[in-house]
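Same chain, two partners: subunit A is paired with subunit B first, then with subunit C.
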Partner chain A sequence: MSPRAAALHFDTVVIGAGTAGLTAATRLAEGGARVCVLAKGIGSTHLAPGTVDVLGYAPDRVEEPARALSELVAARPDHPYALMGVESVAPALQWFAGRIADGPQPGYRYVGDLERNHLLPTAVGVLRPSALVPETMAEGDMRTREPVCIVGTRSLRDFHASLCAANLETAGIAARAIEVELELDRADVNSLGLARRFDDPEFRAAFAAQLAPHLHGDERVGLPAVLGVRDPHGAWADLQRRLGRGIFEIGTLPPSVPGMRAFEALRTALRSAGGRLILGAEVIGAEREGGRISAVRAHAAGHDVRYHARWFVLATGGFASGAIALGSDWITRETVLGLPLRGAPAPGDPRFVGEYLAEQPMARVGVAVDGALRAEGAENVLVAGASLPGAVPWQEGSGEGIALSSGHRAAEVVLAEGAGVRAAV
Partner chain B sequence: MTVLSTDVLVIGGGATGTGVAWDAALRGFDVILVDRADLAEGTSGRFHGLLHSGGRYAVKDPHAAEECIAENVILRKVAADCIEDTGGFFVTTPFDDPAYADRFAEGCQATGVPCEEIDPAQALREEPLLHPGISRVFRVPDGNIEVWKMVGAMARGAQQRGARVLTYHGVIAIHRDGDEVTGARVRDERTGEETDVEARVTVNAAGAWAGHVAEMAGIEGVRILPGRGIMIAMNHRLVNTVINRCTMPSDGDIIVPIRTVSVIGTTDVHTEDPDDHTVHQNEVDAMLDEGERLVPGFRQARALRVWTGVRPLFEDSKAADTDSRDVTRSHALLDHAQRDGVARFVTMTGGKLTTYRLMAQDTVDDVCRILGEQRACTTAAVPLPGSEDGEPYKLGDRLARKEEHLRDDQLICECELIPRTRLEDAMRRRGTHNLDDIRRELRLGMGPCQGGFCIYRATGILHGLDGMTGEQANGALLHFLQERWKGTWPILYGDQLRQARLDDWIFQGVLDVGHLPS
Partner chain C sequence: MSEGVLDELLRGSLDHCVKCTICETACPVSNVTPLFAGPKYTGPQAERYRVADEPSVDSSVDYCSGCGICTQSCPQGVKIAEINSQARNKLKRQKGVPLRDRIITRPTWLGRAGTPVAKLANLTIDSRPLRILGEKLLKVHRDAPAPEFAGRRFSRWARKHESPSTGRKVIYFHGCGTEYYEPEEGEKVVAILEHNGFEVQVPKQDCCGLPLQSSGLFDDARKVVLRLARNLAKHVHDEDTIIVGNATSCTLMLKREAREILSLEDDPDLKLVSERTYDICELLLELHDRGELKTDFQAVQDTIAYHAPCQQQGHSIGKPALELLALIPGLQVTEMNARCCGIAGTYGLKAEKYDIAMAVGADLFEQVRTSGAATVACDSETCRWQIAKATDRPAVHPIDLLHRAYGLQG
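Up next is the complex of A and B:
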């Protein structure tokens, strides 16, 4: 590294801008720490449907997540929830709900808790269990059995109403589907493009006028999750009023509009607490001092910058983000800091199995950590989110719960060590 | 039970069987073709996509080389729309015996395979990713061939001339009347319904499965040595010219650029069961190592998919089992009247994709002889449907078509540039509930994301179009996911593993297909 390379100093550098990284960074900034988030790109928020799934399957469908969590950690002491402690989940959810409620989208909020899971339809009509959900989705809870009308449009290739309704029917819910024609100047929009239209009151009025005559009696209306990015609460309330009934959003293929709203809320909270977020900054190396990381090097905008910090939070994700990689030599590696991993199948053992929906032997790989989420071999690195070993987030329905709780918990660990005391810096 | 009657019953819907149906229909025969699965779902659809120049056989099997170059010239005319003229190189790498190059050039000379030695520096300008240490390079007229498109075109052409094509109809019995075969009983694999087909001649074009079909007719000793080979499709065109190692045929000695990918092949392992598609780790590693020798950095490229195909190598003697590459690649026509005293039954097997047309011609010539008819073969002159203008396929064709409709048609599969109207047309025409059938026709889900986005879209569209039930749609979705996974998991590493996890995120996270109602 050239001696002329710029160097910056923070209390904590968080690597990764998904739910876990943003949570850790925001919580740290709120606690008074000087925080910088370095991220190669945008993270999990724009992919996941925007619900906070804490524990959906264990392996049967979970109705009461609080109770199921206790059973899970007893049975699997290597699970992230066991490492961080189940008591860390509720405060993290509460914290997150508060950031959304105070966020830039007026009136938009999350509802729910750990006592009962909602059962919200996915775009294929599966009833997916989620603990904390956007209010714009809550009306789709299928624990209540009112009939539903799923509304789609040919213009959005990432949501198919008829298939969703058909599977809801199979699940015993009176459901039907309508396809509306939207006046767009192109054959194809994605969910974000459509959501921007729904921010426009005139577009909503025209949409409601077209839809209203086709709706029956007391049925609820399910729509793809495109009801606005700037003012989703306003768009949702406006459509409910115009249609005179409950309406709810259903997650689409990525990009996820509700996820973008959450990202925006967390980013705003981070900034107002004085934290920095640098997207497009890929961490390409680390400097060590004994058992600690003293600085990381990030590459952004054509040059390298060295970021010194007392603490680092690694929230880079798993295989999906490239943070953990399997080479063609069949060896798994943590690609950012070169930390040791845990949970990889032994060489020669199966890495994957032929049945797609089975649990894959590679699924639980993650960065080896201790009970305080500290990385093995780097005592000032805390690990959060999908980088943690021991979980199968998609099959458990636990991804956002783990991300939020571990991000929140990592911040608490750092704050407890005094990193938030400005005077100490 | 339904009873159908025809002149020629063809068993097997690979390139050979479909070629026989097309040839016989052109000669004015009434034809019924049956296959236990979709067209070209067996060996024909499971190769690397090479249109041989004959160079590969120039030293070892001169007769095969002569057949290949003759058919290569014909297919470029009659199946132009299915062929991309990539050209081919035979390259001597630092790992190859340098003495082979001269033998190769002599072999090409002797067999009539056009072959021009070029400066390795020129070859590296054309193919910059090739190993920089190559010492000799020969240019030959190799190409690639989109087999599903070609087989589909032949089936369509035959149907336009009255042929009936019954896919997903497996043969459960061959009917005999004394020493004559009179047809077969087939069962619809989807409904279980059985049909009797009465035929004046029955053609066994079941490839690697021909021995089983012959046994059903009571004929022993049609011994097919299935030689299993693996192929790996690498994302992108690492090369734009077919690259052959200039050496005796061996494992992993060829990379074929086809459509959006490059395919490396292959191995040759004797197997007893032609339905055995196990991919062995050591074969995968061997392919990647050989790829590295042709294109340094090969292991860092994205491996999309692996599959195996089974060569139907025919052995009529009691020769010892050795490397099945030593068995002739030439085809074999068995007239069972002469061989076994069973009349009106013909087996065509062996051969290779490049010579399928010749195999079909030989077969239908024999059918004519059996029926006492004089009807000349015209498949060397009549273009396949879609190839009438004689224009070879070009890599940019799909993009050009898509760009004409940028604003008025949705793109459903971004990787393979499949617009919605084209998908809907295929779904309506095929009337199938199986997205894998649509894949073979349109290459749906065959690109880098392996269906991550398009499978859900296609399922939703299929469900909306067809009025199928939710359960059927779920079945189509899960079947296709499993089919994609089958060819993905043995080679998941690097960026493709990252892609696969993103796909899991969509299917198991966002959509939660693991909990679809059933």
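Up next is the complex of A and C:
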């Protein structure tokens, strides 16, 4: 017995606790695999707006994602949707919607499909195409033209109702803004703090009473996405009833309350299925046996722990999370397992171009994979989410769609190979 | 590594902060009270205004409970809790330490004073008028959980106990809770280890210094933890020697917190002890993973609500107790989904913080009550005392249930 040998065995170890990692792990646990998620910390859920944007721009705005996806994969066989197979998207969305509907927030659900994108306002009033959205946001679909009233509060400094309304006006939507004063116990509150208050029916009643006299005719009401953490459906339905009109949430700057709801639903599903999630367990190395990874080494207090598994799912993200890094030696690396990358500009070629929003040569870098999302050079490692090469999610409006679909697909690949068998000790 | 370099590593980690606010969503304290400004504001943001040799810029950092959840949640690896602990130490150095904090952070003094007069001391703890007096004089809240002295010391039992010689030695670090308040827990740990073929050594030992550290008394904490490290390290003779403890916050102190927060990265004894220390459930689960844990468990008909304490989560080893309890036939275990019980060692004892601690723990208490469980299992003693008091249910260490399932005596 020696701390140097500290080790545990699982069927599959998932690295990363964002949408891709949690999806893969939960699906695997539901399929009967012994799963452990190792993560440096909490992932992208708390930062993204909580909608599932499958494909928003290709490069023009996408109205019918199913059709646009087919065209995209035909034109770009190196795109993540092409690698995982475009037929894997719909089942993943359906699976995710099911986990939310069965989740810890009663009545809270997602609506939408691949036939039509919603067109929801962002916090700054830009229209964003999104396939699957919380029901609490759906009324904000700007494909319908009813006038909107955007309601903000000065206590929430990251949401400016008048800016949002002004930009919607520019887009041709009749929009105006109201600011309400809220009785809060602190001057500066973030969206989560406010959302906790909206879980309280008395707070909602006072809020509705204050707002109601200022609303006009048939206008719908847009609020920052703070309508409850524990019971968002109840809070949303209650406000609709009290105000007698459609209410919709608008994604905020971090922390994202809808993202936290999704995280909680997935974590609950993972736990119910017997899966494990360990935070603060940064993976700092891997052990190889030929073309396979036999174990990863994760940081823990005092001594590292080795996690053996038959399969590993790498869902650590891309440049933003530090999972892929460009060194001062101009070499691009996958920092967790040291896997080969694809899409990095050749030595001597330009890596960046001057115009910030233009197509950047570095943008499509990701871990090199084959069609089944298997990493090149490590046959038992599957790659999911922003670690995949070939996409520019922030331009395409495809980040959550890729994360969810590839996480789900990676789990299906493992389950099809019979992951129920434990790793050899 | 020198103290300055380590401080730079902790402090340097603030440059990785991208202001994503994930720590703010996870902080159990700032989510219930405006008195603590939150881990991001108090940590990586305020740290930029903290200059060595200049007055402390802090006031609200004393309301951080030191649970460490912010550091566990941070996706960028910022040592938020550690930065805040150091800021609290500076604040205390400059603004003074209340008498209360000098007393309740010394479990050894309290234990040695209370043990010989346990009956009288326990009457004092149970006496409403004396507790009110204690609140007025010492600012220890009248309703805060206070453990009863066992009236005997675990180490006295251990000295007389002869562990069967198997050649497979393990060093047992029992901590102050076992020593003065729950000696029977220690006897159960020894019995379980012996049942699994270990020869248990119980060296002379004392407090790990965690209460001092979490109250910002760093100089005293350093002396205490280094003395413990010397005593334990003396018994580490070969590559396979390990140290095991059942006080999960004290083992975390030895594994990581003393080295990082108290800037003791360089101390060779502490480094050795840090690498060799195991939490008892961590050790037993690893044995099970190797197929070496005895699983001759009898059925235990009980319903359990399991809560993994923050300091246990700080080990970054998952929840080994849950896996172990799942091996016991008949036992119905529900995992609680709450962050913190609020007590955070001595935080919830303090009169000015008691209400915050109870508000932090409210989620957990409610889950325990609605779970239908008759018994709470939790790895940390101060959390057990807090949960037992708040939910009116017995709270035991997971090893208590394993001991019952093994059908061991003692």
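Everything below uses one rule, namely that the second predicted complex is superposed on the first by the 413 of 425 C-alpha atoms of A that agree within 3 Å, B and C clash if a C-alpha of one lies under 4 Å from a C-alpha of the other, contacts with A are read in each partner's own complex, and residues count from 1 in each chain.
Just so we're on the same page, a contact is a pair of C-beta atoms (placed from the backbone, for glycine too) under 8 Å apart; a residue touches a chain by one contact, two chains touch by 3 or more.
None of the values given here were measured: they were computed from a predicted structure.
When both complexes are superposed on subunit A, subunit B and subunit C end up sitting side by side without clashing.
Of the two partner chains, subunit B is the only one touched by A:T170; subunit C is not.
In the overlay built on the shared chain, the residue A:R186 is in contact with subunit B and with subunit C.
In the superposed model, A:G322 makes contact with both subunit B and subunit C. Looking at the shared chain after the overlay, A:G354 reaches subunit B, while subunit C stays out of its contact range. In the superposed model, A:R157 makes contact with subunit B only, not with subunit C. Touch criterion met: A:T122 reaches subunit B, while subunit C stays clear of it.
Look at A:A300: by the touch rule set out above, it reaches subunit C but stays clear of subunit B. Shared-chain residue A:A6: touches subunit C; no touch with subunit B.
By the document's definition of touching, of the two partners only subunit B reaches A:A48; subunit C does not.
The gap separating subunit B from subunit C in the superposed three-chain model is 5 Å, by closest C-alpha atoms. Counting contacts as defined above, subunit A residues 47, 185-186, 254, 321-322 meet subunit B in one complex and subunit C in the other. Considering their complex, residues 47-49, 57, 61, 122-128, 157-160, 162-163, 166-167, 169-171, 179, 185-188, 251-254, 256, 318-322, 325-328, 330, 351-357, 360, 393-395, 397, 399 of subunit A touch subunit B. On the side of subunit B, the complex with subunit A involves touching residues 288, 299-300, 303, 407-412, 420, 453, 456-457, 459-461, 463-464, 469-471, 473-474, 477-478, 481-482, 484-486, 489-490, 492-495, 497-498, 500-502, 504-506, 508-517. Taken together, the subunit A residues at the contact with subunit C in this complex read 1-4, 6-9, 36, 39-43, 46-47, 185-186, 190, 192-193, 196, 254-255, 260, 268, 271, 276-282, 298-303, 305, 321-322, 425. Listed in rising order, the residues of subunit C touching subunit A in the complex are 20-22, 24-26, 31, 34, 71-77, 168, 170, 239-240, 242, 252, 254-256, 274-278, 283, 285-287, 289-291, 313-319, 335, 337.
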